[in-house]
Each structure stands twice: as structure tokens, then as C-alpha cells.
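For reference, the structures are reproduced in the following blocks.
One chain, chain A, links the two complexes that follow: it is found with chain B in the first and with chain C in the second.
On to the complex of A and B.
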């Protein structure tokens, strides 16, 4: 019951070798300076950017194997992403942002709304239900993006610089919030960060990507 | 000082351009037979033509939307060989003389047309000179306007949102309806208004493909054209009706929608 990724990911014209092995219930930090391809690794796991060579398996199911021409579409992977730029849907209020994925997975409206309220409570954002993303602070948006991923109860949770858009106070709150949430979820969690302190505070394993070498 | 004189020159050009467009429209109001306005507007020929125009243009706008919005999405996102050529063909009616479009429709869908032959031989369907023909001609001419407006809006959408939707389990269809269409709603509204206005004003393709039979296929623009020689006053009143409808459409679109399309 693990995530195994080894192979070459593509970022623009550059290729990079990666090898990651991650367990459920723990956080694996992916560290590296800007441009080392950290986000690309997450996008590859989410299915937004295909592997060039190698293999990606989750719970022994192959998600991406170019050699066998096997590739599972992003919508079929039990994988939720908190993007660095959050990507909340601007035309939907907070509640509908969070129910979006549930509704797409065929869950009925009433059940989806109930789960959305739970997820919002979990991240401490219950008061925001009817607000539009444009009217939220950076920290509030971050919480909503996290709730939108959590509500899916994913097998794999991908966090791309989860503290990028929050201020100092929210940063501390998040550092305490995240481990608790991840523990409850029992998902394979990968967190991209450039901050060593965050990595050691939250993650139990670390994978370090060296700066991009030219091909 | 130089800056001021330059802007003065520009202002003069702008005023000339405004007058060029506004004066003919205003003149319609000067020459309108105001005392007979009610009786002309309510006479049978006017009402029939207005009804045919409204009915066909609304149906045409709906069809152009149902087909044009997905087509715009296809143009904006598909990675297919020869897409540029397909796109050019679909946009051509926009720059084609409408009468040529009418001839093209006759040669394809006419009773002896390339495809119309089969419609007639197999099912007894004859399209030319019917109200359906009017709608077909209007869609043919008006859809490219909608497609162009909506396609450019789709292109400017943040594909990151579509990626986010897919990671949340949304099928391509749900990404389209749940993220792309709402994201481009301003441009879609503007495109619908444009397609409808263009359908309402359609003349060349419609009269060639559908003829101008009062009460059946005669639209308001056709009636205006036919009455110009025999009943000038009526043609002015009908023109005024078209002007008022157009202004109302444009006014209801507002800057918000037009800037929404450019956003």
C-alpha cells in the first residue's frame, strides 16, 4: 500500500530523474530550490504531465507506465491536489467549490453539501460557505483549497507549497493543522516545499531534488 | 502643448467618424411618417415580416449557440492536424458575400442540390423557399460571429482551473460545462446577442435560399428592400423598428459584456 514513482518527468525541455516511495498516513516532503522540478513531480502523479520513462504505481495499481502505454486519466486517479496557486473556481462560492469534486464523482447534492460542511469545519473555515474566492484572504483561500482536496478523501494528497499564500499567523496555524488532518485521512501525502523548517515540522520523510542540471 | 494639439486632431477625426455613423440613423427618425407610424407598424405586411424575422432569428440564435459554443471549445483546445484549415472553412461565411452563401446553400441543400437531392428523393423534404431555409441561412451566416467571440474567450481562460477540475474527478464534459462555459459566460452572452442581431439583419443568403414570400419567408429586411420603390414610408417605419431592436440589443449587452468578452 504505497506510492512508487521512479523515472523521468518532463518540465519544459528539461528531463529529470526522480525516485519516490511514500507510505499512507505519513507526509513525505519534496524539497528543492526553485526550478528543481518539485511541482512537476506532483503534476506527474496527478496525471497532468505524463511520465517520459519509468513507472508510477499507487497501491499496486499502475497509474503511468509509458513503456506499456498505460496511463490513467487525472479524473480516474484517487488523488487530490492543493495547487500552489490554489486554483479555486472563481465563479463558484466556497461551498460549491468544495462540492464540485463530489458532484463530479456522482455523489448526490445533499450528501455532498453535508460532507463539504464537515471538511470546512475540519480546516476551520465554516464561516466562509457563501463567500466567493475573490472575497477571501490568502489564508482563507488556502483553507478552502485544502478542504476541497480533503473532502474527496483521496488515496494520494498532493500539497504544492501549502504555505505559499498565507501570512505569518496563518502559517503557524497551518503547521499545526496539517499533521492532524493528514493523520485523520490516512492518505499518502506528498508536500512540496522549499522551507526546511516546514519540512522537518510536518514530514516524516524527505526527498531532495537537486537543482536542475542541464541535459 | 504638442500633446494637446495632437489630441485635438484625433478628436476631430473621432467626431467625423461619429457623425458618419450617427447621421444616417438620425435621418431615419427625421423622415419617419410619425402620424402614420401606428397604422404602418400594425399593418398586416409589417406584422407578418416582423413575426417571421423574430421567430427565425431567435431559433437561429439558439441553434448557433448549441453548435457554436462546443465548436469554439474544439477550436480553442483540440490538438488535431488540419485544425487551422477546418477553422478557416467554418469562419468563411463571416467574410463571404451573403448572396454567395445563399447560392452555396442552394447548390448543397436545394431540391437538386448535392445533398438536398437525397433529402427530397428519400424523404420528400424540400428545404428551399421555406421558413426552415431562412433559419439555415441565418445560422450559416451568423454562427461564425459567435464562434470567434467565444473561442477567443476560451483561449484566454486559465487552463489551470481545467486541470484542477480534472484532478477533482471531472470528466471532460463536466470540465466544459462546469468550468469553461461559466468562465466564458460574458463572451457567450455577447456572442449570442451578436449572432441573433446578425440573423435578424440577414438578407442576402436568406432571400437567395428562401425567397421573399410575404407571410411565409419574407423577413423584415426583405420587406424593407421590396417596399423601398413602392412604399417608401413603410420601408422607413420597418427600418426604424430594426434600428430600435438593434439598439436595445446592443444596450442590453452593455460594456460589461463586451469587456467580458475581451477579458
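On to the complex of A and C.
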């Protein structure tokens, strides 16, 4: 019961070879300098960029296998992504941002709202429920983005530089909060970071991507 | 950009706005090339305003006598009668029926065209393979360039015989509703048929605008929707459609503007009757533009004034539509 990814990931002109495996219930940190392809790996797992060669399997189910012309659409992958730039929907309030994924997967409105309130409470953001993203601070937006992913109870949780847009105090708080939340989720969690301290504090495994040589 | 510093921004920046400090005014001295360019674009902007003012001035000058003679009844009366040659019957002019007709036909056109335009533009932008997109876009551009008289002939000879059958079906099933009721069983040259024809005529422009705004929907927001397990349609509904809302309204209003002013095509497929009519399947209708086209050639000098006044009303109606469109577009912009 693991995630296995090996092959060539590509986004735009960029491509590189990777080999990553991850287990449920633990956080795997993907470390590397800027431009080493960390985010591209997450995009490939989420189904936003197709794998060029190789194989991606989760729980022995093939998600992406170019050789077999097999590719599972993003909505069938049970993934949830927290993007580096968060990407909250600017025209929706916090509650509708969080219920979005649940509603998209067919969960009824009342049940989705109840789960959204639980997720907001979990990340300590219950008071933000009716606010629009434009009226949130960096730390608040981060909490909402995390709640939006957690509420999905995903099989694979993908965190792209999850502390990139928070101040030092919030950073410390998140460093304590995240392992607790992930532990309860029992999901395969991959966290992209370039911060060694974050990786050591949160992740139980580390994968280091070497800098990509320019052609 | 430098001009914006004449605001109180610097004062606020240094926290002195509340203690009565007057913001500093900056004087900007511009170079010659900058001055020439400013003058050039200012002249361009003023030119369109001058043309607009000249048109309205001309129409007002020529049609003012009619407003003086008939007052508000010019807008509320449906009677359009030139004076008898022997002077036995005085002239009477009113555009109420034509105004209502313009409105009804244009609303039908927009109601049919907009859903189609949305579907076509979403398909072209997000679903169609590149080669098909290229072919369909070229065809749409071609359709946009068809002259309205050709549309009118096609509407009269091809569309109308089919549309009469559709009208009868609508009347059969929905005739209990006043909109689809007909006083007499004549279904040719109705507002419904004219509206359908206009819908086809405005479809390319609305589609073109919609496609343009949908193509600019933020890719990262679409990816965010996918990243939360959304289907393609879910991403369209949550990101693309709200993002393109203001642009679509703008495109719709452009289409509405064309529909309101369309002349020849409507004249060929709509029975010009001076009677306010909301039965869209009945062979009774008209619009201001086709009224002017139909009467212009044989109008007496006095009726010509009435037609100028009708033109002025159409002109202001279009301006009001554009003003409303701009207001709606500004209010419905999605924050980025």
C-alpha cells in the first residue's frame, strides 16, 4: 500500500528523471534547490502534468503509465493539493472554497458544510468562515488552503512549500500543527520544501532531488 | 503613473494624513515626444466623442419639431400615420409599438444566442482539438462577415418555412401562456422568427468575445480545481464561467446593440404592424430600425422628421444599453 513513482516528469520545457516511493501515515519530504523539479513531481502525481516515461502507482493501482497509454484523470485520483501560492478561489468565501472539492465529488451540500466546519476547526480557522480570500492575512490563507485539502480526506495529500507565505510565528505553529493533522489522516503525504529544518521536524522520510544540469 | 502622486498617498505613507498636512502636488514636465503622443491619443479619443455628438446633434436638429408637436405621446402612441394628401386627416406619429418590438425581438435573440455562444466558446477553448478549433473559429469569423441582406433572404426562404412548424408546436403545447398565444393562426414573419434569425447573426460576435475572455481564465485556478478532485466541467463552472462573467455580459450587450439596430434582415422576416404585441409567435411586430428603412424612401418632409426622431430614440436606446452594460461589467468583475 504505497505510492511508487519512477520515470521522467515534465512540465513545459523542463523534464527530469525521478524515483520516489511513499507510505501512508507518514510524511515524505521532497527536498531540492529551486528548479530541481520538486513541484513538477507533485503536479505529475496530481495528474496536472502527465508522466513522460515510467510508471505511477498508488495502492497497486496504475495512475499513469505512458507505455500502456494509461492515465487516470485528476478527479479519479483522490488527491488534494496545497499549492505554493495557495490558489484560493478569489470570488468564493472561505466556506465555499472549502466545500468546493467535496461538492465536486458529489457530496451533498449539508454534509459538505458540516465537514468544512470540522476542517476549519482542525486548523484553528473557524472564525474565517464567511470571509473572502482577499480579506485574509497570509497565515489565515494558509490555514484555509490546508483545510481545503484536508476536508477531502484524500488518499494522497500533496503539500507544495506549505509554509512559503507565512510569517515566522505562523511558521512555527504550522510546523507543530501539520504532523498532528497528517497522523490522523493516514494519507500518503508528500511535502515539497527547501527548508531542512521543516523536513527534519515534520517528515519521517526525505527524498533529495539533485539540481538539474542545464542543457 | 507619476500623476497619481498628486493624491494623498505620500501623506498616508508617512502617517501624517490625520494631522492636517496637505499632500504635496507634483509638477510633471514632459518631453516633446510624450506631449505629441498625448496630443495624438487625446485627439483620437475626442474624435469618437465628437462624431457621437454630431450624430445626436443632427438627429435632434432634424427631429426636434416632432417632439415639440407630439410631446410624450411620441413614445407612448403606436399610431404612425402620415397626413392625408388632401389635408383631411392630420399626421400622427408614435414609436411605442416599434420600441416594444425592438425590445422583444432583441431579447429573444439574446436569450437564444447567449447559451449557444457560451457552449460553443467553452467547447472551442477547452474541449476541441486544435485542428477542429481552427476550422470552427474560421467558420465563425466567416459567418460574422455575412451581410445582413443575405441573412434576411436566407431567413425568409430557408429558416421561416421550418420555423413556422416550430412555432405551431410551441403554440400547441404552450399556447396557454400569453407569450406563446396567437390571436390568429398565422405564424409567418413573427418576432420569434426574427429573434431566431437575429440570434444567428449575433452568435459570432458574442461567441468571439466569450471565447476571448474564457481563454484568459487563470490557468493556476483551473489547476487548483483539478488538484481538489474537480472534473473538467467543475473547473469550468467554478473558475472559467465566473471569471468570464463580465466579459460575457459585455459581449451580450454588443450583440444586443447589433440586434436593436438591425434593419434589413428584420424587415424581411418580420411583419411591420403598428401595434404593441407581446405574442411572440403572432405575425405582428416591428422594430425602430426597420421602420426607418421601410418608410424612408417615400416619406414626406414631415414624416422624415418623425423618422429622424425615431432614429434619435434608437440612438439613445443603444447608448443606454451600452451604459447599463458597462455598469454591469464593472460590478461583476471577479477579483484576481
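Note that the second predicted complex is superposed on the first by the 213 of 215 C-alpha atoms of A that agree within 3 Å, B and C clash if a C-alpha of one lies under 4 Å from a C-alpha of the other, contacts with A are read in each partner's own complex, and residues count from 1 in each chain.
To be clear about the criterion, a contact is a pair of C-beta atoms (placed from the backbone, for glycine too) under 8 Å apart; a residue touches a chain by one contact, two chains touch by 3 or more.
Quick caveat, the model's predicted, so the values are computed rather than measured.
Engineer: Clash or fit: chain B and chain C on chain A?
Structural biologist: Chain B and chain C clash in the superposed model.
Engineer: Name the contact category of A:157: first (chain B only), second (chain C only), both, or neither.
Structural biologist: Neither: A:157 stays clear of chain B and chain C.
Engineer: Tell me which touches more residues of chain A here: chain C or chain B.
Structural biologist: Per-residue touch count on chain A favours C.
Engineer: Examine A:105 and indicate which partner it touches, taking first as chain B and second as chain C; both and neither are also allowed.
Structural biologist: In the superposition, A:105 contacts both chain B and chain C.
Engineer: Given the touch rule stated above, what does A:178 touch, chain B (first), chain C (second), both, or neither?
Structural biologist: Neither partner.
Engineer: Between chain B and chain C, whom does A:48 touch in the aligned arrangement: first, second, both, or neither?
Structural biologist: Both partners, chain B and chain C.
Engineer: Under the stated touch criterion, which partner chain does A:79 make contact with: chain B (first), chain C (second), both, or neither?
Structural biologist: both
Engineer: Between chain B (first) and chain C (second), which, if any, makes contact with A:134: first, second, both or neither?
Structural biologist: The second partner, chain C, only.
Engineer: With the touch criterion stated at the top, can you tell me which chain A residues are shared between the chain B interface and the chain C interface?
Structural biologist: Shared contact residues on chain A (touching chain B in one complex, chain C in the other): 46-48, 73-75, 77, 79-81, 83, 85, 87, 89-92, 100-101, 104-105, 148, 152.
Engineer: With touch defined as at the start, can you tell me which chain A residues reach chain C in the complex?
Structural biologist: 43, 46-48, 73-75, 77-81, 83, 85, 87-92, 100-101, 104-105, 132, 134, 148-149, 152, 154, 158
Engineer: Would you tell me which residues of chain B are touching chain A in their complex?
Structural biologist: Checking each residue of chain B against chain A gives 158, 160-161, 163-171, 174, 178-179, 182-183, 185.
Engineer: Can you tell me which positions in chain A touch chain B when the two form their complex?
Structural biologist: Going by the criterion above, the answer is residues 46-48, 73-77, 79-81, 83, 85, 87, 89-92, 100-101, 104-105, 148, 152.
Engineer: Chain A touches which residues of chain C in the complex?
Structural biologist: 220-221, 223-231, 234, 238-239, 242, 334-336
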